[in-house]
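One chain, chain A, links the two complexes that follow: it is found with chain B in the first and with chain C in the second.
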Partner chain A sequence: MKLKMFSYNEENTFVHRLSGVTKLLCFLILSFVVMYTYDIRIMLLIGAFSIYLFKLSRISFKQVRFLVMYLLFFVALNGVITYFFEPTHGNMLYGTYHELFRFNDIYVVTQEQLFYQVSKMVKYMCVIPMGLIFFCTTNPSEFASSLNHAKVPYKGAYAVSLTLRYFPDIARQFTDISNAQQARGIDMSAKAKVMTRLKNTLMVISPLIFSALDRVDMISNAMDLRGFGKYPKRTWYTYRKLGKEDALAFVVCLSFVALALYMAIFVTNGRFYNPFI
Partner chain B sequence: MNKKELFSTKMLVATGLGAALFLVLFKFVTIPSPIANTSFQIAYAVAGFFGALFGPLCSGLLAFIGHALNDAMSGWGIWWSWVIASGVSGLIMGISYFKINFENGFGKKEIITFNVIQVIANVVAWLIVAPVLDIAIYSEPANLVFVQGIWAAIMNAISTGVVGTLLLVAYASRQVKEGSLDKE
Partner chain C sequence: MEPIIKFENFSFQYFSQKTATLKNINLAIYPGEKILIVGPSGSGKSTLGNCLNGLIPFAYKGKISGSLKIKGQETKNQNIFSLSKNIGTVLQDSDGQFVGLSVGEDIAFALENENVGQDIMKQQVRKVAAMVDMDRLLESSPFELSGGQKQRVSLAGVMVDDVDILLFDEPLANLDPATGKTAIELIDDIHKQSNKTIIIIEHRLEDVLHRDVDRIILVDDGQIVVDDKAENILASSILKEHGIREPLYITALKYAGVDIKPSMKPAHIETLDVSDCAQKVRDWFIENKAQLIENNNEPMLELEHIKFRYDNTREIIKDISFMIRKGEMVSIIGRNGAGKSTLSKLILGFEKVDEGKIICDGHDLVEDSIMERGRQVGVVLQNPNQMLSKPLIYDEIALGLRNQGLSEDEIRERVENVMKICGLYEFRKWPISALSYGQKKRVSIACILVLNPKVLILDEPTAGQDFAHYSEIMEFLKQLNDNGQTIVLITHDMHLMLEYTPRAIALNDGKIVKDGSSAEILCSKELCEKANLKETSLMQLANKCGIDSPTDYVTAFIEYERKELR
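This part shows the complex of A and B:
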């Protein structure tokens, strides 16, 4: 099924040996750097770095091929639509005007717009390998403990861990119910009208949701009976101590932060790298 | 459900399972719309439904977790502006928890209350939070993000309104009403 694409696999590489906390924090730090900066050089550097890590963690490309295709389609679509709505947004951002050619009065192609759109594309794409690495190399049960050690309250962390635990169950149940209903002639495909489709979807999701509600009762009773939430703190089976490799990872990530801030403050005077001045 | 508790084990488990449901529906049940990045999301109806049952913290967190995990699994990195907007919409929809009491059934008054709150939530999240964050983080052109926002607000309000209301009616009819037992 579709769920297979995205699954944890046990290996012994540098990335796998890192603690879940480290990976989570590094992923967040780097994605915030990429969110902050609009300097294509830094983004390309981070992109290259994350592709290197991707190689290092021995995730097979086959495992993620579908995602990558989907993503490329999405990015291309976003590019076309951005151009359609604001063909000169780049000029507004960079403040200069270098025309290359024009389709008509409104749709001109300028160097600034091309540069802006390419930068944006890189911005979307350069942390993707990071996200994949994080999810393919972190044990789901370690994930909750990492969240807790990254200062998320443990009840919140536990909610995430429950989500990851029950997602496959609910997905399987969804497929079962949807097959059963389709066998009874309930159409959820694009052939049905939108309203019919909404109604038919409801026939599938209401049993799903109500059985989930029953499960909520069952699980929460079981947890209450075992004394969940009695103390303000808890320990985790899957917690790993931080080691030298984790320190190295943090140093690398923080040096990216420092680089981005240095560039923004001293070199480019702001988030944008402007080659046109 | 007499006492309206904000943070119990039940609410926590509901958040976890709700987020899993949200994730499944987000991934497998979408009806695409003409504007990129938006579609008819049945998932928000789940957020509204759980919000009415378990409170704003539950629905806010479940929408946030569900959306963040969905993005992370889809592989394009987490689209924080929309993830946060999802959380906000869930949080506001959860206000109906304090306004609706299922012991009296789920009649016209409750339906209107739920839908007013739900529409406000969607407008705030998709017309204010999401576009503003999109501009701040990704420097997207303003009119593009606002058009996307208007679409998202309309689509989500419709799907939450239709599906969420029907779910709540079904839920209320399963509940035992107050005073339904007669003394003989």
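This part shows the complex of A and C:
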């Protein structure tokens, strides 16, 4: 069902049991490693690891298919544009020149450029499953509670959790309104011209915003009536103390950092792995 | 005994309004009382509730004069948090106030804000959940719960604070009749067990009176009109004068010329003493026997063996077939999740059927897109705010026609024509934002009517409306129907189906339980149970008075209302 799209799904797996903060920090640490290094071997290792975690956390691909397609499109677009602007950037980085073939005077295809662009693509594709894991396995309230324990003010933390909590509701309402508008002859399918489609989408957005505002009013009343914001602190029903599994997760992530730094300093003499020398 | 709540010369005026919403209220409520506050929309009854729980003046600003004391303390000097320690509010929309992601978390919300430790919190949550029979569902998410279950969670969420007063703001508005009945029983049980003070704000009087209340307070135009025992109020005609629907059996007795006295115990149909008036009711029935006029027009909408499931889940619609004739007005009824909304989505093409045919005026719709179906079948969503996207009424109604590329002259003619039918012509230059809810509803219906759909489908057209607005909307639809418009209503309002749709299709668990006369369905215990309805009190009255065919009596009652009162 559509409404389950990128929303939290309740399961009991190793990844689900981790605290929300652990998952956020691990996500940030691993992203940092992937962004830092240009060593395709490390990236592939992390990529394989995150796909393993994706399987482990039992997220169905169907649930995230839409988002993945969207992201892949942008990764591909990025590749084309990178080549368009600097077709020999790879040669500059690796300092050698192995031409494969050329389109014309400017656009050549070299092994170095190809290797550089493939590395870059792998970089992006490593981050995608990790981000999805974070979104689909983190209970918004539990995440808010861990944020609060990490000294983020609880009102802010709660706002984050409410946003995640009501996202599926809004998505469902969007579908309802857009269907009803289509039944009135407002075309939002691919058949319509881009400008018409854009204009017609606006006719869904404005009723959506108004009904969302009504909703906000009601929720804030309900929260006031039950004492939200009474004290500078609050406790959390869903809070989970950090446990052994969290420690394990940190150890694994930090060992990736160590590996990346070790490779950069002692083996490859820099962030780039250069197979051409 | 000292009153727990005491209004003295209390008035309130919203800063955004020109006149006071509450005028000089004097009212005392004593500990352990169970009070029902009734009044039409805009009477000030919700404002009264908001003054009690502190939303006024905390969230809604305005000018207060006079005094309101709760447990002897002036509320003006307190904030919403200290008030919420004394008075717990269960809001109308149990969906909206479900803040947590699971039942347990939602019940715990107030405790979290009180900085209660996690262990004690979990214990207390379990205890309170058991009181409302939700302790086995602590891990469930709001998506998995029914409307009635959500309401139980809301109730537990305020009881966890151990408040002295429970305030229910229109607790029945979003519930089907059977669930509403259970909710009233639950409130009554809690009242008896805990001896808390209970205040119920509701306009569905007959449903609340399923169990005893100590007093009824009728509010209209910001003032208390009457404050008395249920027996006395029902014996008078004051409810009707102030736009509150009387229980149907009371209305029926009055039609039969019975002079209702408090001594007849008229507060519940079960306690009503008919020994002196049964003969009058029987006589009236003989005089007013009526036959339903059968509609033998050609078919307009036919569903043949419709089956549907969302991917990999259980079947939601299991082989449904029915036929609606031209010019009929039919209700589709059943509990939440019975499949009635899904059915309308299938007809409109929002979801694709797995099997079966949907034939509208001889043409199979199954392969058509949403837009193509939109020219045959029109849908009006429950909340008009979800349909209106233009600042001006004229543009809103013209929107669908402009997309068909018609000439501006033709559009003007059709829009103005529809505006006249819908009674909106005098508002044609108004901005939509200046309209009332009922008027917006008319605009949303006009937007669809202008497209000349062969069948008009309305989803819960009267949800949350008081008697006056309900009548306004339904009379308007009746008028359209009298002009030949085929109308399908998706509803769980029994009054609506009884009074306006001679025929109803009752669904349960994706199947048709009964396709027949509304009066017949509401007189059958078995069918009512299957469709989560409640038998009409008219049937009980008929039984009490020794009338052997209650269905005919109910039909006679409806036909009498039609002929005599319109």
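Everything that follows uses one rule, which is that the second predicted complex is superposed on the first by the 214 of 277 C-alpha atoms of A that agree within 3 Å, B and C clash if a C-alpha of one lies under 4 Å from a C-alpha of the other, contacts with A are read in each partner's own complex, and residues count from 1 in each chain.
By definition in this document, contacts are C-beta pairs under 8 Å (C-beta built on N, C-alpha and C of every residue); 3 or more make two chains touch, one makes a residue touch a chain.
The structure presented is a predicted model; accordingly, all values stated were derived computationally and were not measured.
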{"item": "Contacts of A:104 with chain B and chain C, given as first, second, both or neither", "value": "neither"}
{"item": "Touching partner for A:74 - first (chain B), second (chain C), both, neither", "value": "first"}
{"item": "Which partner, chain B or chain C, touches more chain A residues", "value": "B"}
{"item": "Touching partner for A:215 - first (chain B), second (chain C), both, neither", "value": "both"}
{"item": "Touched partner set for A:12, first chain B, second chain C, both or neither", "value": "neither"}
{"item": "Touched partner set for A:223, first chain B, second chain C, both or neither", "value": "both"}
{"item": "First (chain B), second (chain C), both or neither touched by A:170", "value": "first"}
{"item": "Touching partner for A:179 - first (chain B), second (chain C), both, neither", "value": "second"}
{"item": "Partner chain in contact with A:206 - chain B first, chain C second, else both or neither", "value": "both"}
{"item": "Contacts of A:187 with chain B and chain C, given as first, second, both or neither", "value": "second"}
{"item": "Shared chain A contacts, counted only where both chain B and chain C touch the same residue", "value": "162, 165, 202, 204, 206, 208, 210, 215, 219-220, 223-224, 228-229"}
{"item": "Residues on chain A engaged by chain B in the complex (per definition of touch)", "value": "2, 6, 31, 34-35, 38, 64, 67-68, 70-71, 74-75, 77-78, 81-82, 85-86, 89, 93, 116, 120, 123-125, 127-128, 130-132, 134-135, 155-156, 158-167, 169-171, 174, 188, 194, 197-198, 201-202, 204-206, 208-210, 212-213, 215-217, 219-220, 223-224, 228-229"}
{"item": "Chain A residues within the chain C interface of the complex", "value": "1, 3, 8, 10, 139-141, 162, 165, 168, 173, 175-177, 179-187, 189, 202-204, 206-208, 210-211, 214-215, 218-231, 233-239"}
{"item": "Chain B residues within the chain A interface of the complex", "value": "7-10, 12-21, 23-25, 27-29, 31, 35-37, 40, 42, 46, 49, 53, 61-62, 65-66, 69, 72-78, 80, 137-141, 143-144, 147, 159, 162-163, 166-167, 170-171, 174"}
{"item": "Chain C - residues contacting chain A, complex", "value": "53-55, 58-59, 80-81, 84, 88-89, 91, 93, 96-97, 99-101, 104-105, 108-118, 121-122, 125, 139, 141, 143, 157-158, 161, 310-311, 313, 345, 348-350, 369-371, 373-375, 377-379, 381, 383, 385-390, 399-400, 403-404, 447-448, 451"}
